[in-house]
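So, here come the structures, one by one.
Here chain A shows up in two complexes: once beside chain B, once beside chain C.
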Partner chain A sequence: MGKLLEVKNLTTQFKVDKTKIIKAVDNSSFYIDEGETLAIVGESGSGKSVTALSVMQLVPDPPGKIAGGEILFQGKDLLKYSKEEMRAVRGGDISMIFQEPMTSLNPVFTIGRQLTESIMLHLKLNKRDAEDRAVEFLRKLQIPDPVRRMKTYPHQHSGGMRQRVMICMALSCNPKLLIADEPTTALDVTIQAQILNLIVKLRDEEKTAVMFITHDLGVVADVAHRAIVMYAGSIMEMGPVREMFRNPLHPYTQGLLGAIPRLSTPRGQKLYTIPGIVPDLSQLPKGCPFCTRCDQCMDVCHQKKPPLRRLEDGREVRCFKIERGEEIG
Partner chain B sequence: MAKYILKRLLLAIPVVLGIVTIVFILMRIFSPNPAYLLLGQRASADRAAALTEHLGLNEPIWKQYIIYLKQMLTGDLGTSLFSQEPVLKELLSRMPATIELALFAVIIGSVVGIALGVICAVHQNSWLDRICQVGGLVGVSMPRFWLGFMLMLAFAVNLKWLPPSGRFNFLVRPTEITGFYIIDSIITGNWPALWSTLKYMLLPGFCIAIGSIGSIMRYTRSTMLETIRQDYIRTARAKGLSERVVILSHALKNAMIPIVTVIGMELGGLFSGSVLTETVFAWPGVGKYIVDGINNSDYAVVQGGCMLVALISVVMNLLVDLLYGTLDPRIRY
Partner chain C sequence: MAEQIPLIEARHLSKHFISKSHRLGGDKLIVKAVNDVSFDIMKNETLGLVGESGCGKSTTGRLLIRLLEPTSGSIIYDGRDIAQYSNREIRGVRKELQIIFQDPFSSLNPRMTCLDIITEPLLIHTKMSRTERTEAGYELLNYVGLPKQYALRFPHEFSGGQRQRIGIARALALKPKFIVCDEPVSALDVSVQSQVLNLIVKLQEEFNLTYLFIAHGLNVVKYISDRVGVMYLGSIMEMAGSEEIYEKPLHPYTQSLISAIPDTDVENKRQRVILEGDVPSPTNLPSGCPFHTRCRFCKKECSEAKPELKEVSPGHQVACLLYE
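Then we have the complex of A and B:
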């Protein structure tokens, strides 16, 4: 399988005030194969959503700006596309689901209008055919009575139902890549499981590649083939989910996995936490961004930022503890 | 829906009654005895007393008030002391002039105001935005009577492009059918009259519109700025819609809800007569009628006029509220 999306050295920065610029995504490279699901994991502010928005070129500008790198989609650099060319990609070949189902649908238009809009635009269908297709997809997403729903407004639906409509909107134009930015975070747990199952089912049916952004490692284990762990704008570790969970290489990944409460944890034992808080992006430590919270921190970690290394098995990690493999940036 | 409208209209009764009462009392406290105004300052005390008696002004205020209310219930708003015409008839004959001018001004104000507001919001902090904001502030804060005289001086006196005041030229006046001269001249195909009507309307219309443009523009800008940061606008962009569709369809329809309130309030105020503008430009509308009534101590005119103003405001507010329902599906009555 070929690479569907290849991001090379992406740097996205935000202007905080007249003199201060922060790098929300710092020199990050990764790829997604056709039909593959890649999870991007990290805490709030780690740059995972900005990475997604950068691919879509929806970073609010100003203050945000893609400062460098390449975003190759099917071999072509999206950053070199004109506005019109990029619009054709957005919602067509690459579509996106957002975190907030309650506010992501336009309150003054019917579900039907919002669904058919992109179908008519990207698949060049007339209104009636677009409506048929929208109804078909609503049915696929197990939304009861889809014909009637088309005429309803977002406020008449629950959060889970609205997120289904968002997914329907994102998938109805046969995207090759679906970017799901924390699609289940705002939903309660039972609905979360339903929505995840739907995404996985449709992904398998339509053979869509998925970039799945989440901070929930349980979700990662359920849906993703490979995962990237981000911290303060940098990729810390990348590898197949199975191996990463079995043998996390980076202290941060180890910390994240250690922080998951387990049924086997003895009663009364305190749950593990990573000490400290995420550093302010404008005041990153000089060396490794994680050094202030790392329990295996060495002197060199304070001096300079560790390079990302690719190991023999293809996993990547950014830590001085790992000295195998080749430096890739 | 019908129930809601009926309820709102019933609620209007105490509002209108309250305003009539306040105006009734104020006129009798602060206005000079109209008998002297009718007879002239040098009228003998006997004649003035006789006329006062004849007009029923010697009765106690509460008795006068009850008499007035009784009349009002039968649809009689009294008679103007000076023209000896029924007030209702005079008010109705002046309404078209006021409504025509108000619509003219508000249509200009809304179209220009919304367009500029949207442009400013999309290009926030550009030089155009800054100029518009300062211009809007000036437009809102400029006193209308002063602006009226300045416009008159520039375009009527110095440049002689437009007539300085009034509503029509006797030589090319359209045949009155509806009382709305623009409509009348179009119905009768009287194009010179249409041209002349527009020329007369231009100065007072712009005098009002400049203020409306300012407030509608600033309001549109701020609501648009808020709207274009909403998640659903990001969704619209993520769908690949063009910026034009995103702004003019997805964002503007949401922003229209508060904008409609401002336009409705503006229109409500103007339908009851832009008092200053009508006076400056001798526009024969309701506003000027009320001002003349105050100057003449013409009780019935002022009371009737103010009642109409109150009624119009209430109805306009109701219309705006009903319009919300068509703009925002979350609002149902």
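Then we have the complex of A and C:
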């Protein structure tokens, strides 16, 4: 399997006032193989959503700006694309589903019109064929009575249904990469399970690669092959989900996994806590961004930012505690 | 461990809201948020209440401390039925019944300082002087782990986790016996959630508190509760000890709810029971068992009569015809 998307040294910054610039994504590199699901995990402000928006070049500019790096999609640098070329990629080869199924559909157009618009545009089909294709996809997403649904408006549907419509819209143009930005966060657990199941099923059928952004490590364990843990704009750890969850290397990943009660956690056992709060990006500590909250912090952590290291088994980690492997940035 | 004396007994509690139809001049719609719910909360116990949005868990919590007036049924607190209390009478009891809200951003008055927020209950309910109140306020800050120098700051200067601590301090101010925790950690970042959960557990031990813990994060509820009740469309479907209900869920709804929890335990992945469809509208409840429209074991009888919550083994109650 080849690399479908390769992001190299991406830095996205935001201007917060005249003099201050914060780096929401700081020199991050990662890749997604064809047909693979990569989860990007992090808390609020970790830069996970900005990473996704940068790939789509949807970062609001100003105040945001992609300050450096390359985003290679099938070998071509998306950052060198013109606005028109990029527009053809969005919704075509790369499509995206957002967190809020309530706000990302247009309330004044029917579901059918919103679905067929992108199909007609990207697949160059006429209206009749586009409608047939939309109905076919609604059926794949197990939406009952799809022909009638085409004529309904978003407010007539529940949150789970709307998210299905969004997924349908995103997948109807055969994208090679689907970016899902917290697609189930606003939904109830049983509906979340339905939607996750659908995403996994369709991804396997259509061989779509998925970049799955979430703060919920439980969801990561369910859907992703590989995961990246981000903290304050930097990649802290990357690796296959199973290995990472079984043996987290970075103290932050260890803390996150320990802080969530598992179903097997006995009652009354004290939960592990990461002290302090997620730092303000404009007031990051000088060295490792996590050093102020880390319980394994050493002197060197306060002085410089640890490099990301690639270990023998392909996992990557940014911590001075780990001295094996080669430095990659 | 919890003593086996009930602190609060809810009996046949119902709450119906009347909402106007979407059409101008249309009929009134009745939202049946809570329907004929009965349960006990023992002294020093944590009762967890789980369910999806709109299942009536928050309404139940608010009914118990009489932030809402029940449509019917009774709430026996400490031997008295507070369901029928007038507003004046309820004030006397309110001291002992407090709540921690979900959203730490909207539940604190942005124009009051942290100290004013947490001592306001003392101003209303006690005859303490200003200096006594301030002193009590500092003590409360200490209990919830906020530094003294934060006392005069305003809510916007705090992070979500710190605000939730202020909310907890305010709930503790009057030394209550019972606290409704209405999704206290849902709005917080993962790394901060465990700090607040540990605090809630610690305070329970220190002050002998009784909790009703409402949440949709089922792993959190399991971790914190002695017993767990599962609600669906305003009814309690199953209630049992927290280990028991997760080990041996009996009700088909509980089974699929528990199997739907995304768990970080990669070693033992469980089999999913995926539910079909959406939750029906509480304005138009299904006949019979509220869950029968989505239940994979649905029989003809299920749509005819609503099953009662019955004890099937000691401490394990379930409302399902499968276990009659």
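The rule is simple: the second predicted complex is superposed on the first by the 327 of 329 C-alpha atoms of A that agree within 3 Å, B and C clash if a C-alpha of one lies under 4 Å from a C-alpha of the other, contacts with A are read in each partner's own complex, and residues count from 1 in each chain.
Note that in this section a contact is a pair of C-beta atoms (placed from the backbone, for glycine too) under 8 Å apart; a residue touches a chain by one contact, two chains touch by 3 or more.
All of these numbers come straight from a predicted model, not from anything done at the bench.
On the shared subunit chain A, the superposed partners chain B and chain C are arranged side by side without overlap. Residue contacts after overlaying the shared chain place A:I195 against neither chain B nor chain C.
When the shared chain is aligned, no partner comes close enough to touch A:L78: not chain B, not chain C. Of the two partner chains placed by the overlay, neither chain B nor chain C lies in contact with A:L5.
After superposing the two complexes on chain A, the angle subtended at the C-alpha centre of chain A by the centres of chain B and chain C comes to 80 degrees, rounded to the nearest 10. By the touch criterion defined above, A:L281 lies against neither chain B nor chain C after alignment on the C-alpha atoms of chain A. When the two structures are aligned on the shared chain, A:T103 is found in touch with chain B, with no touch to chain C.
In the superposed pair of complexes, A:S44 makes contact with chain C only, with no contact to chain B. In the superposition on chain A, A:G218 makes contact with chain C only, while chain B stays out of contact range. The larger set of touched chain A residues comes from C, when the choice is between chain B and chain C. Of the two partner chains placed by the overlay, only chain C lies in contact with A:G255; chain B stays clear of it. Contacts of A:A180 after superposition on the shared chain: neither chain B nor chain C is touched.
Once both structures are fitted on chain A, no C-alpha atom of chain B lies closer than 6 Å to one of chain C. Common to the chain B-facing and chain C-facing surfaces of chain A is no residue whatsoever. Within the complex, the chain A residues that touch chain C are 43-44, 158, 160-161, 188-194, 196-197, 215-222, 241-242, 245-246, 255-265, 267-268, 270-275, 277-278, 293.
Contact residues of chain B toward chain A in the complex are 230-232, 234-242, 250, 253-254, 327-330. Contacts from chain A toward chain B in the complex involve residues 56, 58, 87-92, 95-96, 98, 100, 103-110, 117-118, 121-122, 153, 155, 166, 169.
Looking at the complex, you find that chain C touches chain A at residues 52-53, 159, 161-162, 189-195, 197-198, 201, 216, 218-220, 222-226, 242-243, 246, 256-257, 259-269, 272, 274-275, 278-279.
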